[in-house]
Amino acid sequence: MYQRVAELYPICRSITGDGFRETLRRLHPDVALQLHEVPTGTRVFDWTVPKEWNVREAWIKDSRGEKVVDFARHNLHLLNYSVPFCGTLTLEELRPHLYTLPDRPDWIPYRTSYYKEDWGFCLSQRQLDGMSEGSYEVLVDTSLADGYLTYGECLLPGEETDEVLVSCHACHPSLANDNLSGVALTSALVSTLSRLERRWSYRFLFVPGTIGPIVWLARNDERTEKIRAGLVVACVGDSGSFNFKRSRRGNTELDRAAEHVLRHIGGDAVVEDFSPYGYDERQYGSPGFDLPVGSLRRTPHGRYPQYHTSADDLSLVRADCLAESLRCYLEIVRVLEGNRTYVNLNPKCEPQLGRRGLYSLVGGRTDAERREMAMLWVLNLSDGSNSLLDIAERARMPFPEIVAATRELLGVGLLEERKAA
Amino acid sequence: MYQRVAELYPICRSITGDGFRETLRRLHPDVALQLHEVPTGTRVFDWTVPKEWNVREAWIKDSRGEKVVDFARHNLHLLNYSVPFCGTLTLEELRPHLYTLPDRPDWIPYRTSYYKEDWGFCLSQRQLDGMSEGSYEVLVDTSLADGYLTYGECLLPGEETDEVLVSCHACHPSLANDNLSGVALTSALVSTLSRLERRWSYRFLFVPGTIGPIVWLARNDERTEKIRAGLVVACVGDSGSFNFKRSRRGNTELDRAAEHVLRHIGGDAVVEDFSPYGYDERQYGSPGFDLPVGSLRRTPHGRYPQYHTSADDLSLVRADCLAESLRCYLEIVRVLEGNRTYVNLNPKCEPQLGRRGLYSLVGGRTDAERREMAMLWVLNLSDGSNSLLDIAERARMPFPEIVAATRELLGVGLLEERKAA
Amino acid sequence: MYQRVAELYPICRSITGDGFRETLRRLHPDVALQLHEVPTGTRVFDWTVPKEWNVREAWIKDSRGEKVVDFARHNLHLLNYSVPFCGTLTLEELRPHLYTLPDRPDWIPYRTSYYKEDWGFCLSQRQLDGMSEGSYEVLVDTSLADGYLTYGECLLPGEETDEVLVSCHACHPSLANDNLSGVALTSALVSTLSRLERRWSYRFLFVPGTIGPIVWLARNDERTEKIRAGLVVACVGDSGSFNFKRSRRGNTELDRAAEHVLRHIGGDAVVEDFSPYGYDERQYGSPGFDLPVGSLRRTPHGRYPQYHTSADDLSLVRADCLAESLRCYLEIVRVLEGNRTYVNLNPKCEPQLGRRGLYSLVGGRTDAERREMAMLWVLNLSDGSNSLLDIAERARMPFPEIVAATRELLGVGLLEERKAA
């Protein structure tokens, strides 16, 4: 995953344009993405697909002809979605188009102007401090024209047509944790899950932020009722603790699965309530959809100093953190996949586990005790009203131990799956 | 308000009689009270309106003819509702009729004998200690005779006929915090609300404690179903923290509004559950009515040492505390007035706030962030099931910010009020 | 009770056999038990009544003919349910049949082999250390043959046919706290309750662990719907704090009664959730029955070092602890007996307690205040939806005070019992 982040890091992306397309193309052949191209001007709910934006070059030259700010050196230097411009300005005239971070004098901020036509440059405060009064030649050689918005989609079908949605935004330029970490993790999830048997179908979306999920939801309105769980993948490569943001409803199976996994994974995981501020869970969780979509991240966007600056670079992302994040996502998937409800076929008093070889006979073997406890919990609570996740939570045992006990009990015919009516 | 307390302080009040009438008359013209006179003997539920009590004079003279205890010096000196008496007694014979506070030797206690015919005097322990053996002439020149129980009522009609009830007891003699502070604050509420547009109707009661609300409830039994919220006003002039006592049901709109306001007003406000011990919320919260009436006070009655003694005087009440209490009551009224439920007319994905001028376009303006957050919360939760108070609570934002955001969204046609079925 | 424990301590008991019968016989005449004899081979749900086990003698002799381990010295020495055996073995051959506690070198462990035919001896580590290599003569003169499983039952009928179940296991050999303390306390409960008027019927079971309640439940399946509360009595003689284990449902009247009593009894009582690991509450709480049966004990089984060793002897049990445990059980019974629901016949406003002699008239008598508070709570909450236990909990007052107030109010006709529909 770290290699993936490193490979994609230099590309200049935006919510439309060739950088986004190139990013999705690079995911091949690991991720068999279907690319969708949606024309400029398409109405999607309250929004309109914007013009497509591409950059050739952009710079500011000083009076000696030296490029003091150059998009070629760092793609954050250009205000994302800048309209074309060419001219010579005094520093005074230029200033309203320059963005810096006075508190972090070495970092370049990341700024966008998607929905207001403007141009500008982002630079470090030190760069700005080094610019003397005088006139500057400015070139913003971009195109903002009718074209397409691109997004990638991949469906891994399962036994059931109900879907688990995994969505990441892939529209940020050279920013590593937000959100190339999410792109890399989502890609790895596709690879891993494509090799496993699946109960649920899995739909993966690689979309531009905000407008991306809006486009997808507008084009798939009726399909959303198939979504039984979903996760927005963002900021998963730094070394912060896990942070799970609940879905709008807050108590869906997805929420309970994620909280269960985080409770047993160790570390200082934090669970927080849904709020309408954040990433694309805002759209999935709008009241007209109210989908059971949460977001599992490490340090949430906006809460680490490097956020949306040039300091969110390859040094912020760690291979081991990405790997641990993937493990955590897979644990949640494991709960969603395995969370079934059974009925104890011998509900009156305990069955005699001993004569079925499921109970140590003389006692005292500590290693067997947890296994026996798990079996007793599954038998006791499998009255048709408790799922295995319910049982794991009440027993305060990790889900996999409950699943293992369930398999043993199924093996001797003591359980039967309760099929939904 | 402090002036009002000071003006009313010298009057000797009781649950009936001219002191109570005079107190209500003094509220004119600020408070356009309707005075009700209910005859002695009227049956009100389990109770009977008592005889009317009035005092001309009352004293104890020592053998030298000197008045050692005199109602004219402090109206607490006379056991409230003392029957007429005239005679000469030894100190020994007198003692069963004398009430003191040995632990607070300078304070005069406040005692009553409404429902048992008796006479007596309250005095400081020092006064009693100064009384030598010997005979004393006693005069209790009171009248306890058929008459009337008086109470004041004022209705400020609103758009709706549903009512908010505000009730204070006005039967205590020279006791400042309990409850002239309540009388003054209730009067100020009448003045303030009479000048504002009102969604709800407001009914104010100035009643004698216990028997007063019983009389009112007995005469207005069928009207109580119009009461959607209510507050008993008592002990609001001292410098203690706010204390809100919940209604019997505990989770009515009134309770939630009061708790919301106290959470955001700062300070160490305490919220406590209903109990059947207290002031007139006991009657409003009796099981046959179970009205949504709580009580907002500062230090509750019985929990400050000066309670029901001569030390509950003008020095215990502070003008700034009265003003802050009034503000708190008005904040609760503001929530009750403004708590409506809306429906987001663009429920699928967020509406594009930017093109409606409701979203800062380049970002980074901190002052705009809270306003935007409030709008996002209102849009996200306005699915018809959440009132603005629900939204403010879930967003953990003050109610007025949520109302302001709602107004902006109404202005651009993104919301519609949900009318109750 | 301590005498009872001491008297029964020497008897060798098991889940079947004469030791169990003798134990029940000794409870006469205090406890009028009906003895049930269930034949070997009887099917009871998933289980089968085992063969009956009896012991004549059992020992290990060294080469000098000296008994180095002898059942006659301590009945724990024999692996409970050992099959007959007679032979001469080397120490090496003997070792797999010997059980010790290396960490507690002076204690004899208690081990059983009910459902696997085997023989063995339990001895202290010091005894084992003292055994030299060489050959040993072994005699296990037991019988394991078709016979009967015995259990004792006693029903104290009450006004109502609904039952409170009290169950203890009586199958352990010389182990004092687990569970002769339970046998003694249950016997004392029978004696005490037999002398009192009873609202509910009380059923007492003296059974072998696990197989005992299974037998009873299999033979009384339809009767279980009469059980409205139940307690499993175990480990009630040590000096540990009280520990109440909730029923499977966790919020039944029994659970609430026990928690209420423990909250007011003082000490560091602990309440814990049901788990399917423990004593016979496992069977009563199996999903096919789901009976409202909890367990009140002191230090729970398995959590004190002497558990299931020879150190669980008469020194571990204290007469005062047994007495306090009995008191606690009786308090719970008192709540179950007294928990009725009333309706306030004067629901609109408070009734005038003063003229009924229920209210102190001049005030200030502290001793009367709690009594008055209790009356106010009962009046306020007796709207037909709250039982006296609900009221005690909301008022945070001990149940008996609420009952006393209820009696006073009934005495003046202010309450009426609400009969279930």
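So that you can tell them apart, the chains are marked A, B and C in the order they are listed, and the count of residues begins at 1 in each.
Note that in this section a residue touches a chain if its C-beta (ideal position, glycine included) is under 8 Å from a C-beta of that chain, and two chains touch if they have at least 3 such contacts.
Source: prediction; values computed, not measured.
Because subunit A and subunit B carry the same sequence, their contact can be compared by residue number, and under half of the numbers here are used by both. Subunit B maps onto subunit C through a rotation of 120 degrees [Cα fit, steps of 5, range 0 to 180]. With each centre defined as the average position of its C-alpha atoms, the distance from subunit A to subunit B rounds to 54 Å. With touch defined as above, subunit B holds no residue shared between interfaces to two or more other chains. Residues 344, 346-352, 354-355, 361-363, 373, 376-377, 379-383, 394-395 of subunit A are the ones that touch subunit C when the two sit in their complex. Against subunit B, in their complex, subunit A makes its touches with residues 44-47, 111, 113, 115-116, 118, 210, 213-214, 217-218, 221, 248, 273, 275-277, 282-283, 285-290.
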